[in-house]
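This report refers to the structure that appears directly beneath it.
Which chain is which? They are A, B, C and D, in the order written, and residues in each are numbered from 1.
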Amino acid sequence: MIKFKGVKKVYPGGIVALHDVDLEIKKGEFVFVLGHSGAGKSTFLKLILHEETATEGVVTVNGYNLSKIKQKDIPYMRRGLGVVFQDFRLIPTMTAYENVAFAMRVTNIPEREIKKRVPYVLNLVGLAHKAKSFPPELSGGEQQRVALARALVHSPPIIIADEPTGNIDPELSVEIMELLKAINSVGTTVVVVTHEHDLAQRFNKRMINIENGTVVADSNAGAEVNGYDI
Amino acid sequence: MTFSSFRYLCKQGFKNMVGNRLMSVASIGVLTACIAIIGVASLLSLNVNSFVTFLGGKSEIVVYVKDIETDIAWQDMTEEERTGVDTRLAERVMAVENGINATPNINTVKYVSKQDALNEQMEQMGDYSYLLEDFAAQRDIYPASFRVTVKDLELIGQTAEDLTAIDGVDFCVTSQSLSNVLLNLRLGVNVASIGLVAVLVLVSLVVIANTIRLTVFARRKEINIMKFVGATNAFIRLPFLVEGMLVGLISAVLAFGIISGGYVALLNYLTSEGANVMGVLSFQLVAYNKIWYMLLGGFVLSGVVVGGLGSATSIRKHLKV
Amino acid sequence: MTFSSFRYLCKQGFKNMVGNRLMSVASIGVLTACIAIIGVASLLSLNVNSFVTFLGGKSEIVVYVKDIETDIAWQDMTEEERTGVDTRLAERVMAVENGINATPNINTVKYVSKQDALNEQMEQMGDYSYLLEDFAAQRDIYPASFRVTVKDLELIGQTAEDLTAIDGVDFCVTSQSLSNVLLNLRLGVNVASIGLVAVLVLVSLVVIANTIRLTVFARRKEINIMKFVGATNAFIRLPFLVEGMLVGLISAVLAFGIISGGYVALLNYLTSEGANVMGVLSFQLVAYNKIWYMLLGGFVLSGVVVGGLGSATSIRKHLKV
Amino acid sequence: MIKFKGVKKVYPGGIVALHDVDLEIKKGEFVFVLGHSGAGKSTFLKLILHEETATEGVVTVNGYNLSKIKQKDIPYMRRGLGVVFQDFRLIPTMTAYENVAFAMRVTNIPEREIKKRVPYVLNLVGLAHKAKSFPPELSGGEQQRVALARALVHSPPIIIADEPTGNIDPELSVEIMELLKAINSVGTTVVVVTHEHDLAQRFNKRMINIENGTVVADSNAGAEVNGYDI
């Protein structure tokens, strides 16, 4: 589903955020991406999302070669992804409900279905009572959960989450991880970026460890990961 | 795009306008002002043109009919001889009149007999008209003439030449009734007015384009987020299009109200002081009921097109993510 | 506030302008357009006023001097008697001239003798002037007169009354040289021009206020953050003030360039086609070198004040946190 | 330094975010504020900062009664606080250096001193090499550390941090907590909102536990806190 081949990303100003990245994430996998602050984790996700383009190498997502993708195909490629952004990216002028519903609307799903699905997903993340609030009226953790609901709502084949529990207490974090695991168990590919190494380890899944812009370890279930002493 | 999502997007455009109150008020304000400016400019130019047409109607060519040449002076003629001269002159006048009617660009034709001409001159001399009294008995002081008005003032020179070429015409004099000063003034006013209209339209376009760019700029993040959720450009653009069109529509109606009110007030003012301002000119501003539908139509059309296309196109650059 | 932080804030204002390129370009565009509009409007009104003054200079009062009443006709007088009448008339003319010079609102005075008047009339009659030849020998056909121009056209009626009251004056006639039509036209044009200036200034203010509001709106978050870091209102406002003033200054200079270019081009055009447009009028637009410093000064002043105060005041509401 | 007396906060729309809050934080204390997502932690901080005003009761900060504070005193009250916001609140048009320096500039500190102090503080949070980057060019964790640097730079008597380690890996989180502890040890009052209960417990400091808008536990060093099972 997601394939990186000899990928290098240099930001304007010469900052090498990623280099020599070769990896493949297969359909139905559950992958944790770990690494220090500034290691290149978000850049890794931005490449998948075509928010940034690779300076070298090829990124393939859901069959789209992102180096060659046509402008008009980009929205359709993105609809195959459900993304929780590190900075949430909620539309401040829409309610929580509308923010979530929006991800369904863009794919022309009928209103009837939206009306059933959105409350259900908001309930999953524990925000049924905040449906009518606007993002600036929500707490940090609540905003993050709206972002998560938006990523899940249209049942995309791939879910990508950048620190989805950064603003949420450990109890709730575990619940949310269990939710992602459940979604994964019905065939959805899940990629979670987190710095909560403990949490990742509890789930016994594949871990990709990025350091200084390159993959230093790619281990399956429970394998030892370097660089952490906690 | 399905119909239900089309409806949703239109509703969204309306909601956005209501929601972004500050931005809507600001851009409606600017757009109203600009449309009003263009309106003022068009009314100005409309009235100047109507004034030019009015001048055209007033500007005469005086076509003097050649007198019948005789060896004896009128005073010394016999009654019979006088009748003969009169008959020949009458024939010549008729021939000239036919010639005038066959000439292009002629609007109205008015005959002024020798006696009429004398009377007119005496009137003009006022207190000193007694000087001419002695000549009243004479006949050849002033020739008979036609006062001709033209349809197109621009062609008045050519028309005068055509008229001079008619058999029996002595010579032609143009612009007798309105001073040359006035005739030339209208060219100056017209040039200035067209220049003003052009400048104002240009300025309005700059202002509108920049305002819309600012409005879209203030919402670039929103647009950006929509792209990352997988919205197509058309999907993002439609609400902006609807919003822009609504803003344009409201602005157009507001501008129409302002301009109409102002114009009607001006008309009333000019009528009340009519004797002073327009009375002597005997020129009327274009009547309100002749133009309101053109104004409204033009405003709404330009408002909706500028507002809609303006916002839809200026988001283009933010769509490239 | 210390001097070093004042310097820092000014520099920041400059940096902001350069950094927020889109917003700066947009607001400079709008401001330039508005100042240019006001400039066009002022030039229009300036020239209309100069035109009115010009009309004032052309509008004459003709003051007719009462003839000396005699029992015998001029033809029948002896040489001695004629000299006596001439002397008395010369005395009366001098007395009237003194009276005119003592009257307020008088600009220029020109004496037209009886012979001058006759010559003029003969010239006017052109082909038919021979009619008057017989009278040339007579003396009393036309009275002597003074052609008086006034300073303030508005007061011409009062001045005419004053002049009529002078001993030895027969009667006064106003506006001989320019048709009444023209005299009334200038009132209409002046009313319209003042109206237009007022509308344009109002429109510009609406546009500028809204644009600045939009610009500040787009940066409300920045302002908000500064407040939470403990910045005083003055500290936040100063860079906006500087930025607004810079934007105003640049816009003023741009508008000055545009308007100057346009005006000089218009002057050149009118001179090249001078014979047609302005030649007959013998009226000149106000010369460029008489106004450029007023334009520049006015533009810069209004640009800087509007830009600076505009942005400083429209952030007020965002400062209330 | 900070005193809440019978404080209640009701947001427009009738949401009671805080009620019956009575507590005092003394000079030189180090306090953790814990609680679930949406419990009212950020609201608690917003009241201290006069971003929101209490609906009932009195909040006193550094001697200022915030119910009666004059508009012109607010900036001076805020200069006594160094705040790390949950959403960072960096000025996107200023570099990291300028963002940090700004907190010193508002207090008219001479340029000479700013030039010494800012690089030092950026170095403390490990961002010396990113001084010239603008916030959108920084990773989540880097932005958070710029926000922390800004809170520290003018050596305020009180430091308040809303989830200062939410985007930072555990290793670095500990380092940052140690930094805050060192600052506290020279007399600065420190209030840290966090959901990382583990981290808080390691430091053996006072913990205020907020649940559903009210303080359910206020314990000193190592005392048992309800509601967490991790």
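Simple rule for what comes next: a residue touches a chain if its C-beta (ideal position, glycine included) is under 8 Å from a C-beta of that chain, and two chains touch if they have at least 3 such contacts.
Predicted model only: the values in this text are computed from it and were never measured.
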item: Neighbouring chains common to subunit B and subunit C, by label; value: none
item: Farthest-lying chain, centroid of Cα atoms versus that of subunit A; value: C
item: Where subunit A and subunit C are represented by their mean Cα positions, the distance between them in whole Å; value: 70
item: Separation of mean Cα positions, subunit B and subunit A [Å, integer]; value: 65
item: Contacts with two or more other chains, residues of subunit B listed in rising order; value: none
item: Junction residues of subunit D - those touching two or more other chains; value: none
item: Chain-level touch network, classified as line, ring, star, complete or other; value: ring
item: Chain pairs that touch, as defined at the top of this document; value: A-B, A-D, B-C, C-D
item: Residues of subunit D that touch subunit C when the two form their complex; value: 49, 51, 71-72, 74-76, 78-79, 81, 83, 85, 89-93, 102-103, 105-108, 110-111, 150
item: Complex contacts: residues of subunit A adjacent to subunit D; value: 11, 13, 15, 35-38, 41-42, 86-87, 133, 137-142, 145, 162-163, 166-172, 174, 195-198, 228-230
item: Subunit A-touching residues of subunit B, taken from the complex the two chains share; value: 1-2, 4-5, 8, 16, 19-20, 222, 225-233, 235, 320-321
item: Residue numbers on subunit B that touch subunit C, as the complex places them; value: 22-23, 25-27, 29-30, 32-34, 36-37, 40, 44, 128, 131-132, 135, 141-142, 178-185, 187-189, 191-192, 195-196, 199-200, 203-204, 206-207, 209-211, 213-215, 217-218, 262, 266, 270, 276-281
